[in-house]
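The data blocks that follow each hold one structure.
Note that chain A is present in both complexes that follow, paired respectively with chain B and with chain C.
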Partner chain A sequence: MFLQTLITGLSIGGIYALMAVGYSLVFSVLNFSNFAHGAVIMLGAYVGLALATKLSLGFGLVLAGSIAGAGIIAVLNERLAYSSLRRRKAPSLYLMISAMGCAVFLENLVYATIGSRFYAFPEFFGRQIVTLGESSVSLLDVGAFVFALAAILGLHLFISRTRTGIAIRAGVSDMTMCSLMGVDLDRLISIVFLLAGGFAGVAGVFLGIKYLVYPTMGWVTNKAYIAAVIGGLGSLPGALAGGLILGVVETFVSVYISSVMRDVFSFTLLIAFLVLRPNGLLGRDSEEKV
Partner chain B sequence: MKKSYLLIGTLLLFVLGGTAFAADPIRIGHTVSLTGGASMWGQSEANALDMLVKKINADGGVLGRQIEFVRYDNRNDAVESVNVAKRLVSDGVVAVIGPAQSGNAIATAPVLERAQIPMVVTTATNPYVTMDQRSGKVRPYAFRPCFIDPFQGTVAARFAVTDLKATKGAILYDVGSDYGQWLAKYFEEAFVEKGGKIVAKEAFRTDELDYRAQLGKMKDLAPDVIFIPTSQKEAAMAAKQARDLGLTAVLLGTDNWGSPDLIELGGSAIDGGYFVNLADLADPDIQDFVAEYKALYGAEPVLPNPVMAQDALLMIVEGIKKSGSTEGEKLADALANLKDLKVTSGVLTVNPEDHNPLDKPAVIQQVDVPNKTFKFVKKYISVE
Partner chain C sequence: MDYILSIVVLAGINMIAVLGLSIFTGFTGLFSLGHAAFVGVGAYTSAILTYYYYVPFPLALLAGSAAAGLVSLIIGIPTLRAKLRSDYFAIAILGFGEALRVILENLEITNGARGLPGIDSFTTLPIVIFCLGGGILVARNFLRSRWGAACIAIREDPIAAEMAGVRLFQTRLLSLVVSAVYCGLSGGLLAHFLSFIQPVMFTLIQSTQLLAAVIAGGMGSLSGPLIASFVFIALPEALRVAQIWRLVAYGLLLVLIMVYRPQGLMGYSEISSFFSKNRSRERMQP
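After this line comes the complex of A and B, so read on.
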């Protein structure tokens, strides 16, 4: 039972990590918690669902389409709801409130246009199970886990090795200086949201396949937010570590203590980290984020 | 001379007015979810009632009066249901059909009780729809044609033990839902009484998506059957996750599974699962109704609501006939004492003690994913 619990926990944690990355990316640059991220994940899932059911595309194209769709939605979200606040140098609290408004708006837009029905993705891979001793896990979960790790590693390399990545890191430490050095800040921030949106698209498709697609599915990102805080908001390795830790802790609490107590633990963890270690496990000073 | 003309005139007016009054239609309220998540059933319920009332009116109506529906959308929401009930009271209806959901029905009952208007719900199976939870007394104006959850839980347990030959049972339920909690309890009691053993009883919170921790725990205990008294959404997710963990137990559900999108949401994982339902398209007793509905609306009725709504209307009509009145108190009294009434789903006798039907049938259906249908397995009239 221990091994099974660990495997289940890691597989849940992988999805948390994938979602937490989006929070951390935006936080590192703009220093606010983008609560609209969950809504972008939800829209990414609907984009993927439309491609899979209306156009009958295969998994690869569905994933690519969802990444592109959610990326564009995230950029539009920034342009329409955050950029003017940002230019007026509004406090980050305003940005956060605007983000919450966006989340509610997008959710209700889906209610009004698509409706409250639940949808499921078609079964892309059939039901294949990997067995490890007494424990089993679906092949899809293994795939999602590996893909999540690879994507986060890819993002890490992108940010540490490429010119754009260096520009993002420069923006993280000092935006004004960065723009004085000739970096186009609007373009830079759009790229950050495009990346965060892309991750939202991946998370949306995986969530949709594992669970179901419906307007309030984005609320599961509450957990991803906790993961991001545990790992240190703004830190990519932190988002990964936080996601995995939260997934494993939750599953062990469910199995060995009580499934009803699970969220009590998760949110206690959130409060404890905010009080005792606001920078999380891996978030150091703000200069070193991302 | 002039005076007598006036007198005759007045008398004439009275007579004419009187006839006009007698021909006034009898207004029956219908509170139903025409929009929202339960609209699929609500629309079908409204169709079935319109179909039946046309026939009753063509046959001369009741007490020489036609029947007319006053129908409002309660959006499957408890607050809205109360608003609808208040509107129906002010519209002067003599009885109300609906709501279909237990939570909405429990919210509606006190409003209609104060106004002394009898209500006959359609598919609300919770015991406290016709019983006041606080006082433990029967609600004098609440009735139903459908079975109640203790019966449903018992049927599920009996089917598991005798037909599936299950000895070890597990339960996965929503701790935030009255429906799930009570059914889990009724199933457990009946399963144990019939000689089975409950090896795991695991709960999850409403809106939770991942049950693998709970299901993983069950896996080591190797249950023969997992009872999942939830709606189709949770059932579909639980089925997928159980199969991913390599659990091979038979999945067993309740009437809330009975939605056509169960198959789409659960896919291959839900195939072969069984559940208890109130009515089945293949039930030989309702073939006339199904054929008539299909001929009129060009689609199959979305069961069980249309059948239960027709039963409710037939109960009210019989109650009015028996009491010879549309007065709330007399009508309620007649409803409480209905016996061997022929209704769409079969024959119905109301138990005056609790206002639930006696020996109301329950059907067991099996999910057949390749053919995208629910197969009729068997029908229980009683569990004795």
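After this line comes the complex of A and C, so read on.
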């Protein structure tokens, strides 16, 4: 029972981590909470769904299409709703309100046009089960977990090893200085949003397969914010750690205490972290400067 | 006629909540994505009191407002004392609002997610007008008081205000409690107007709608958000737009305002300044 709960928690945590990474990436560069991330995840899931049902593509192509679709949506989102605010150096709260507006707009646009129906992905993995000792896990859960780890490791390598990655890290530490050194900020930020959108696409497909596809599915990203806050906003290893911790803790609470109180518990954890340790477990110092 | 009357009453009830959020967001400069939860607390408290315990309506309204104020202390004391970054605070109160909704959905006395039907419909137009008028008067006087001036100072620059001797924590907390009391009152009126309440009526979406009215009306104006809130309720009703397209429009509006006119409809000025030859507009400007 214990091991089973742990494994279930880790697989949910893997998806939380995928969502938290995209959110954290944007936070680290632009320093605001991108509430539209959930909507991008939802749209990514719809793109994947359309590819899977209308064109009956295989899992690999669906995933690739969803990554590309969500990536482009995220870049467009930045261009239309954030870039002018960013250029005139508006307070980060304005960006956050704009992001909130985007989330409400996109979510309800899907509601109004596609409808509130719940859609299911075709069964890519069937109901295959992997047995580990006494406990069993579905292949999907294992796949999601492994893929999440691999993707986050890939992103980490990209950020630490490539020229673009170095430019992103420079932008994180000082935007103005970074642009003085000849980095094209608009391009850099587009790349960041493309990456974040790509991760949103992956998260959307896995969420859609595990649960279902519907307009408010992006609300799960509330959990991604919590994961990012636990790990430390703006830190990629933090997002991974926070996602896994939240997934495991949540599953244990719902199994051993009460499934109803699970969300109350998560939100309490969020508030406790914000108050007691606003930089999270692995975050960098982020005092509001004078 | 009944239809128009109900729109006016609903708009008035919504304006009371917007008035409260305007004090907190517009004049104290802290953003909240959870004020709908305070509306919910007010609605449920007053409805439970009249429904199960036959408490007189005015008393139930007062109790609902007080309960909302008390509940706001639970989130306000730890987060405001910790002087969270303003966007962290917005996330914290968002989490708080969602947690409150989950609790409402799982209590016995609130009848869970199915909602509480058959509440007596005590709320009438004169009562709403009376509450709204009283609310505007209290808000205006509050903002002209020492505490109000402290709130505005904090909005303009928290650090400078603190150095000038304004107590950040106490002032912000007071502003939060006052705004929550307004929301609680609005909730009590709402419950006894619709005679049916449900936890999904008090979610992030409603919080966003309240915030949209304050931002669209202008942060730093009382009349601006009131006008915006009335237009937001009345215009879609008058045009018979489906609920879902209203939300699409709210979202788009938030983005457009932030991109093109972040000061909102009225900016820092009040509607009265248009009649009194710019005198008060100059005074209100920072």
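Just so we're on the same page, the second predicted complex is superposed on the first by the 285 of 290 C-alpha atoms of A that agree within 3 Å, B and C clash if a C-alpha of one lies under 4 Å from a C-alpha of the other, contacts with A are read in each partner's own complex, and residues count from 1 in each chain.
Here is the rule we use: a residue touches a chain if its C-beta (ideal position, glycine included) is under 8 Å from a C-beta of that chain, and two chains touch if they have at least 3 such contacts.
None of the values given here were measured: they were computed from a predicted structure.
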Which of chain B and chain C A:257 touches, first, second, both or neither: neither
A:1 touches, of chain B and chain C: first, second, both or neither? first
Which superposed partner A:153 touches (first chain B, second chain C, both, neither): neither
Partner chain in contact with A:104 - chain B first, chain C second, else both or neither: second
First (chain B), second (chain C), both or neither touched by A:166: neither
Partner chain(s) touched by A:141 [first = chain B, second = chain C, both, neither]: first
Chain B versus chain C as contact partner of A:177, first or second or both or neither: neither
Chain B/chain C common contact set on chain A: 260, 263
Contact set on chain A toward chain B in their complex: 1, 4-5, 8-9, 11-12, 116-120, 123, 126-127, 129, 131, 134, 136-138, 140-141, 210-212, 216, 219-220, 250-251, 254-255, 259-260, 262-263
List of chain C residues in touch with chain A within their complex: 31, 33, 75, 78-79, 82, 84-92, 94-96, 98-99, 102-103, 106, 159, 205, 208, 211-212, 215, 242, 244-245, 247-248, 250-255, 258-259, 262
Partner chain A, residues of chain B touching it in the complex: 36-37, 175, 202-205, 207, 209-210, 212-214, 216-217, 219-220, 233, 236-237, 240, 243-246, 261, 264-269
Parts of chain A lying in touch with chain C, wherever the complex brings them together: 32-33, 80-81, 84-85, 90, 92-98, 100-109, 111-112, 222, 225-226, 229, 260-261, 263-264, 267-268, 270-271, 274-276, 278, 286, 288, 290
